[in-house]
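Just dropping this structure here.
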């Protein structure tokens, strides 16, 4: 039996190590398995490794599954893991590789074919989680049989299969439930069942994934019966779909938070009007370095709080997201590692907001430009427009500047927004991830603040994040993360809006379990009975 | 003829060169692909490393120089997104677009010429007026809107034809084509019709005004004075004359059909180069965008060349070679 | 004189155009006769209805016009009663036509042989080779050198004079009884015009084909025609033998026309000029349409004159002639 | 060479008007077009709501059906997802669309017209250079150029206008050059030269008025084209910003709701776009016929 | 028609030439180098023509289509610069004049065109068509313009009340009068008429010819009258110049030319003009076509069609030589 899926986005390559991008990662899971697995709720579990444990602060032992065979019939052994780790940094032209998941590894030690010791240079509590993120290739299928001495360069190997080899199928040999069959870029990707899969024969004989980027067209394809299954159906169509007896919808809370970030860097900020002269000279990158910008109101926590209070998160979820979102009070939904149980989202309080503004010295408000992409997150520009309405209500006259994602990211990365809307999906599923990226002070050495384009900086918070990242003890780590999260929220360093609920739609007769990481997997689609 | 070829060749080189600069600078101006391509979880060091790896840290003229040097050897670079030679990606998608474009132009001619001639022969009749009104509609409707309506009507409401994708293909001389299978044909029809509509209106208008003008010519009256039958007058004397503008304009419009495929392909999720372009622009996949545009320019140049030759065959008065 | 049927006998022909602004009578009560081998010169100024008369005979009047009265007897058969199908048979085979503008009468995108062969095959079921042979002969007949090669050419490869000869050759292909030539030399140079006139004259003399030669140039008529028919505002105002009409015009318009032609005997002197200008067919003066430009106009001219036949067989449409005749 | 004796008062404009009025459909098109322009110009005074004023709209009124009664006004054509009155939105969208279409066409017309006239009158290298650039630009389909340009320039009404000018000017340059080359050879220009009238005067007083009719025809049709092109760009997501939606953007925004039954959000703007373009084309078509001397008898 | 002033030419042309060259572009040059047989297209429209027109004289230029009559006329009228040679107006070389003088001379020589439709700007009213130049050149003032125009129009047989009309509201004959009025409005001495009556009906043609004759007497004008219609030419001119493919082949006073044509081409031309008094003529045409000016024959241009051509005619260009007083001809046969 064949499963035809309409996909909102297409993997840029079949190569499992080429591009750290959701569609690629989802696709990879069908053919190339990893040592560990994150399930629908991002809970870590066994996959090619049956179990693991830390044997010191900087060493882990993995027990590998026996009897696993690659698509070409060769056996899966510890050597394949080392080989794969060697290849990760050796993908030419990769726009975003997987080195961040392997960079902690300092050495491998093959105890036997199915026992592997991994040494790290520093304590790395997230190592097993990292191991869920990169797929295992067959060393033998790629002509490597002897010992490999691991290093961070190329392990002394002179050639690795190229991206092209994966795209044409010749190197697409993994241990996964599905095998490569055909790849026509832009049109379809076809996989067939791996009859010798260690977990039993997969449910579908053949899986066809068709990229249909236009949401309406994807929807039309489902309605017209061209595809059995689609991801990301337009939110406004969900109610209709749910009532339609021929279709079903599956939904799940995702790890993606939609947030507003505010420029908290200098005394003045770009695009704000009506706040008066800045208190001091601006020093740093961005347009304010060269232009006369007005005073930056976001340095005042009361302003940040006022804006947060002005937002009616429930209404946004209800009217714009069609109910398929959950208002956010933290950067990860309840229940994820490091969240504070019972954390509430900011209550809608326009009067309180006005009062705070007045206190902060802006009784008549000011003018603002809210930047947003219009093709990146679900209803992104629409949400921004509604927020503009809400801000305007409390006197902060807001204009929306919506743009295509390429322009948006460029503009954001050159600090040309004083406030912008964006989203964050926590790949590891724990609080350290968003805190580190979004509110840690930008610093190359510590690795914090990679996406902190509001340039918020709080040394005490930084310290907590760094400590957590080096604490292997789960209980301790969780406690630190909770405090850190609370601190970030109370300082209004960033304004979380809601968590996206991801939806999938399919014809009746199928069932599907929603995933928090928003991946669309054929292995998650089952025949109903 | 030789001078004509030389003139065309030298012009083409200039055009290609100028286009490559414009496009290169244009795409550079849009933004930095790494901003989009890189995983947001990457930290600052990793982001910088990636920029360096893709050679995007070099000044733009250095990048252009490298590009030009490679381009002269036939290498237009690798896609940032797919890590494949940009040309390969395009050539893989090209057949789908060409199939669509040719079918669209075919439809436009097959329906447009007879309808236009009919309207030209009977400009004041009901039929003539209906055809012309129809052609104004076809001329006016934005392609994307028609596409959406077609999907609404034929795919969603009636469920007759598929809404997206290319359907089953079979290889013809090693090139996958859809029009040889029923499934493929059913996928092909709506987008092709969508794309053809505008051109059909254009052909109708050309054919109509051509017919009206030719009919007023003395040689038509002379042919009637010779006793030649109406069928022959319309089928030979008129048709041959109006085919000159039709072929010329359509040949040139073939380029714009390919360009407008961008819209149709987006609406119908047709896996051609148009959709590739839109995707590549949104990913700032510069090598693909540049390669696409250079390839299209080349294609247009070739088409223009062929059209001029065709024109000189159709219209014996035209002599290639004279300046302008 | 033996009584033979004239090749063409037009009687009281009337052709009207039904335009939005009203009906225009472009040809009004036109009559003339052409005998076998005879050349009739149809003269008149621009817009006087010469071409429409020609087209009426061939049934080729453009929309929105049509023949609304009179008879066209071709060898005794009334063409006005012809169906379109019969007309198709007739056109190009028994009556041919040659047009004014040699640059426009041949289809620019078809080769000469195509255009000639189709003219033959429209009427006779002959092989292509035979048709080509006849085409070749016809080209030779009109004095085109190396017809074999010329057949393969396109019209633009010919000069104006050559094209007009090709047009004549096409007209001759089916050995018609009558050729209507609508100002075929007006656009040509003197020396080339002379060539065409020479060929035409030769052909008529040799084959006995009758010819209606439409022109505004009296001097050409003088040299070529046997009889002449002068038109003014859609009507024939005077017709008769060339010598009679030119030497002794009876209608004031003819008289003025002849006086207008510059000639040797009046060098440097003002020409006799007809005052005013050709009236529009839409608002012709009541009565005689020449009345307002006529030096002899009288009250009688408020009434439209009818045709009167003079002793020498001449037909004149003028009250003065009418009166003169009635006084006799 | 018909009758010359006509009323002294008759001027070419009147003949032109009566020729134009011959086709009823074209007159209808003209009336509709004028009405649309008026609607666009007076939108702020005649619409029930200012859809740009965030204080006037409430997203809680989002996607109400046509005829719904909102907190302040009745939404005759329904509302969009932001709670904007669609009727008002369409009027304002029309404003943007027409402004973009008209402004780009006008600028392109003046620019292209001047360059074309210049090229034709002076000939030689100037001509070659201008026309080569025009060829270069014409050898490339408008949509592609616009696409690249808007992507490169970024969003904004002004940017869209710039790119539409960039894709249009060459048409005018070509058209006017073609006509001017023909007109330039006409004897009236020689007569003017012979009368020692200055070049400038010949170009602007004699040549230009005679080159404008085809330009007007092309211009009218181009307005429709420009509007359509802008709509397409907006549909592809790279046209005008969402804060100043044109009809094209309204269609795009609404299309997401089309399949879910809220057809009006996309349908009415589409209808408005359609009527606009068709009416302009009807006018342009008739202009072409009226101004084409070859079809005159 | 002779008076003492006749000896002083108003206009003198000295070996005037005009070449139209369509140069090879870059690509063409390369192709030529590569052995392609393309070459520059050169039309020698006017080839070393010398002639003079005396005050008050009517000189006619006759020749077949494409022989360069109009080109010559245009150069004389200052519409087109010559490639080489000189045009002298009242003894002054036109090319050497600048500024005010140049303009004055330019206005003194006016032209009347063939096509009554194309020669009037369809978008200007009559008052602008006729009145623009006098106003621009300050021959009248805005206040007096109306009277000035009335005067000119009446002289040309036009009703002054037509001033507000557009050209399309006039008949062909009236338009030609407008063209004449336009030229006369700048008070010229010398008028070039390029086929000024060719497009008109016979009866109208007579009116215009009469107007020319009258104006010449009234205003003391000098004409260069270009035509291919020998009948008209014979009627109106004092002297006739015959051109063939860019060169003058014969020039003589009208009577003399018609009585004793010298050049074989002239003879043939005279033989072939249809005349009212030549009934039932037997036409005997000159063989052959007029050669293409792109590729004119060597030697005497007429030799391929000339029944008397000799080897010399095929090689050597005959010079224009006097065969009788005031009668010049360019034919080798004259030299025995």
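So that you can tell them apart, the chains are marked A, B, C, D and E in the order they are listed, and the count of residues begins at 1 in each.
Following the convention adopted for this analysis, a residue touches a chain if its C-beta (ideal position, glycine included) is under 8 Å from a C-beta of that chain, and two chains touch if they have at least 3 such contacts.
Owing to the predicted nature of the structure, the values given are computational and were not obtained by experimental measurement.
Set against the Cα centre of subunit D, the chain with the most distant centre is C.
Chain centre most remote from that of subunit A: C (centre = mean of CA atoms). Interface comparison, B-D versus B-E: the higher number of contacting C-beta pairs is recorded for B-D. Inter-chain centre distance (subunit A to subunit E, centres taken as mean C-alpha positions): 87 Å. One finds 91 Å separating the Cα centroids of subunit A and subunit C. The distance from the centre of subunit D to the centre of subunit E, with each centre set as the mean of the Cα atoms, comes to 48 Å. With centres set at the average Cα position, the gap from subunit C to subunit D is 52 Å. Residues of subunit B in contact with two or more other chains: 30, 148, 152, 156, 266, 281.
For subunit E, residues touching at least two other chains, in rising order: 171-172, 174. In subunit A, 216, 220, 223, 375, 404, 407 are the positions where the chain touches two or more neighbouring chains simultaneously. Interface residues of subunit D facing subunit E in the complex, by the touch rule stated above, are 1, 4, 6, 8, 10-12, 186-188, 190-198, 201, 205-206, 209-210. Only residues 54-55, 57-60, 62-63, 81-82, 151, 154-155, 237-238, 241-243, 255-262 of subunit D touch subunit A when the two sit together in their complex. Remark: subunit B residues 217-229, 232, 236-237, 240-241, 244, 314-317 touch subunit C in the complex. Chain contact summary for the complex, subunit B toward subunit D: residues 11, 15, 18-19, 23, 25-27, 29-30, 132-133, 136-137, 139-145, 148, 152, 156, 212-213, 216, 255-256, 258-260, 262-263, 266, 277-278, 281, 289, 293, 296-297, 300-301, 304. Here subunit C touches subunit B in the complex through residues 58, 60, 88-93, 96-97, 99-101, 104-111, 115, 118-119, 122-123, 154, 156, 167, 170, going by the rule given at the top.
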